[in-house]
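I've put the structures underneath this note.
Both complexes below contain subunit A, partnered by subunit B and then by subunit C.
Moving on to the complex of A and B:
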């Protein structure tokens, strides 16, 4: 499969740290893939996102984006291919109102006036925020602000979208809203999504899950494979999906449960079947 | 907090609302200068007539203007009283020590009152009919000539628009911190001056720290969206000078001529 981003032998530490956060770290991200990165607090997830976007400079190692090696000369060029949505919806809102915020990235890229207005309108309609275009951020909910941030990203037509815990400050409804929007956009625009998350339901949507523990990749596999080792994840301080929790509770009641990962629907089917068998 | 009229904008679609913000900003300043040309009753009458006309055109209730004057009413009355008691000349109506009420004193007191009211009305009209963002944009394009002397016009206007955008956010946060500290037993509105000052510390420090964090988050988000300085950017909002902007300038020209005529009556 074609790689859209590759990290080779990355070494990175913050200046105030003594030990390496990432030591000889390697990771490849396929084109059109939805990659979820999970891990406990301080495992280096957000740092990794900032390294991929060139916001942090590694001490050693190479980062390749779309067949180009990132360097201080082309970092602004490569950054155009990457859109980032951050955690706090309030703090990443640059513009004084919705339309200005979406336009901010386009203004930076010196997109001409006519084209900019078209793209802002298209992006806002895409996320169903067009009727709010003249609203100020103070009048919007957290989920709406996050949708504006996504509109700001898709207006730039990136190839990679990085969600840096983009849903962690939203309520379940807002979270569902944002995630299904991203999923839809990914299919339609042919995006590669890197989602950094604590939310296990979000991770279970991914094509591949990377478990990060203190700057090391503990596991990189499909969600089914990763979540089937429920106990290991719990030991790392991570949550497991609801179906795994049900399985665990059943195990404690001495019920023989399947060892592989089941989605909620499959779990429901399995329970129904096992009751019928008895 | 919603008593503050500063920067409040009332959405509307009147002629005054639709004026180019640059024209509005310049003409409001110009009006304030013109006020000082007035030196007799007829010229003040003309100014008030003009003001009333613009307020009518803006279709804004007069109550909002009164709200603009109210916070400053004590300052105005203080100045007026000083004018009345300490002016000399004309017929003396009342006299006691250095204090005296004279006809010129009374007249100049009323003039001062009129000036204050006119200035506040005009600046209130400007902020009520123009979104803060547009004022910031207008200031940027008006300051553009300063680029020649290496004044960072774009950076200043970006700071201004970010500051305006974060005012409600920080207000909310201040209120939240205040309530959080109250729930821990901090008393903000009782005690001596010193105690009250001390009570502000647990409000100010968290507010500062969070402002720093916000600034860092915002800077990262801006960088991730490709912001690298004011050079080589295009603009989403472009002001257009239309014929009603020229018309309003002509109206001000007529006002100036009228004022000059009345002044030397």
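Moving on to the complex of A and C:
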């Protein structure tokens, strides 16, 4: 499969750190893939995102974006292929009002005025924030800030979208809308999505889940595969699927539960059938 | 029952008399008893953060008034009158960075006690205890709070409030950014502190599972108005009403509905948590120890 991003033998630590956060780290991301990254607080997820986006420079190793090796000469060029929604949207705002803010990235790419205006309006409408276009970003609610940050990225029409806990402050309906929107754009425009999240439902939508632990990849497989390893996930401080939580609670009541991993749907079916039989 | 908090027809208007004037609270009235645990839910922009910022007088009502721990807050109340209240009401903000400013993590957490006149050594001791309570590794205590991961910053912000030992604990989406284990530990910590120290807790949350697990009542906000005040059990039983207002259900409740749809089984009462779900199902399922152990 064709790679859109590749990290090879990378070493990285912050100047304040005594030991490597990433040591001899490798990860390849396929074009059009939806990759979820999960891991405990401080495991290196946001750092990895900033390395891929060229905001941090590794001490050793290579980062390839869309067939080009990142260097100090081309980093600005390559960054245009990537749209990143930061963990704290407040770190992202530069414009005096919401519309300017979304336009800022496009100005950088020298998109003509007329087209820019259209794209800004379209992006803000997609996230239901058009009516706030004149508002100062600082004066928005938490969830509104996250929506504007997402609009800023979709207006850019990047090849790679990195979402660093980008929906953490959205209400359940709003979160669903935003995820559906990203999915739709992925299909329509051929995006590659890297989603960093603590939300197991969001991670379950991915083609592949990477489990990061202190800068090391512990697992990289399909969601079904990763999330069926209940005990390992719990030991890492991560969430298990709801079906596993139900199973555990039933087991504690001495119910004879299936030993293999069941999806939520299958668990419902199993319970319904078992009730009938008894 | 003593009242901890009482809102009377509170309006709040941002940037009044400008083209950006926005009424974020509209005639909000409610009261909360001492030692209650209240969840506030509602969509993005419905006024939750605006509401909770009134509880320590960070925002003052444009019209109306409120009482918190026997302190009246009106549009005319001055900050000076509120200094006592601010020791009693600890607010964890939605964005933790907004709350961090000291050079090191430890000094950041020790700020409030020092500010309240506790000597340096004792304040540092209290700060260390609070850091441990939120499971911050020792290795970060001497770092700058701005050189931490998002979840670590969140823990520092929480520790900085807990160390004040407030009587009223206000939490604005306190677990956003925490990993699942941290999420559970910190929610349990709040619950434990509430019962040990007799706190009144107000939690703004989008996580219906937490609302179901911890709150004894729920305020639902919509476009600046308080729609209803109910127990979680009452609220989550009204599925049509929730759908109409685009509000979510706890996971266990959704799961229970799926079972009811596909079988003749009827839950009573409707389960809100996994343990309630399992309790009702267990007697109708085969018992025994599974082969794999």
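Following the convention adopted for this analysis, the second predicted complex is superposed on the first by the 251 of 278 C-alpha atoms of A that agree within 3 Å, B and C clash if a C-alpha of one lies under 4 Å from a C-alpha of the other, contacts with A are read in each partner's own complex, and residues count from 1 in each chain.
Criterion: contacts are C-beta pairs under 8 Å (C-beta built on N, C-alpha and C of every residue); 3 or more make two chains touch, one makes a residue touch a chain.
Here the structure is a predicted model, which means the values were calculated and not measured.
By the touch criterion defined above, A:238 reaches subunit C but does not reach subunit B.
Of the two partner chains, neither subunit B nor subunit C is touched by A:130. In the superposed model, A:20 lies in contact with neither subunit B nor subunit C.
Once the two complexes are overlaid on the shared chain, A:32 sits clear of subunit B and of subunit C alike.
In the superposed model, A:93 lies in contact with subunit B only, and not with subunit C. In the superposition on chain A, A:106 makes contact with subunit B only, while subunit C stays out of contact range. In the superposition on chain A, A:156 makes contact with subunit B only, while subunit C stays out of contact range.
The wider contact with subunit A, measured as residues touched, comes from C rather than the other of subunit B and subunit C. With the contact threshold set out at the top, residues 88, 90-91 of subunit A are in contact with subunit B in one structure and with subunit C in the other. Within the complex, the subunit A residues that touch subunit B are 50, 53, 55, 76, 79-80, 82-84, 86, 88, 90-97, 99-100, 103-113, 116-117, 120, 136-138, 152, 156. Put simply, subunit C touches subunit A in their complex at residues 14-15, 20, 41-45, 48-49, 94-95, 97-98, 137, 143, 147-152, 155, 173, 176-183, 206, 208, 246-248, 251, 255, 258-259, 262-263, 265, 274-275, 277-279, 281-282, 284-292. Those residues of subunit B that touch subunit A in the complex are listed here as 131-133, 136, 161-162, 164-165, 168-169, 172, 213-214, 217-218, 220-228, 232-238.
Subunit A meets subunit C in the complex at residues 14, 16, 39-42, 45-46, 87-88, 90-91, 134-135, 139-144, 147, 165, 168-175, 198, 200, 237-239, 242, 245-246, 249-259, 264-265, 268-269, 271-272, 274-278.
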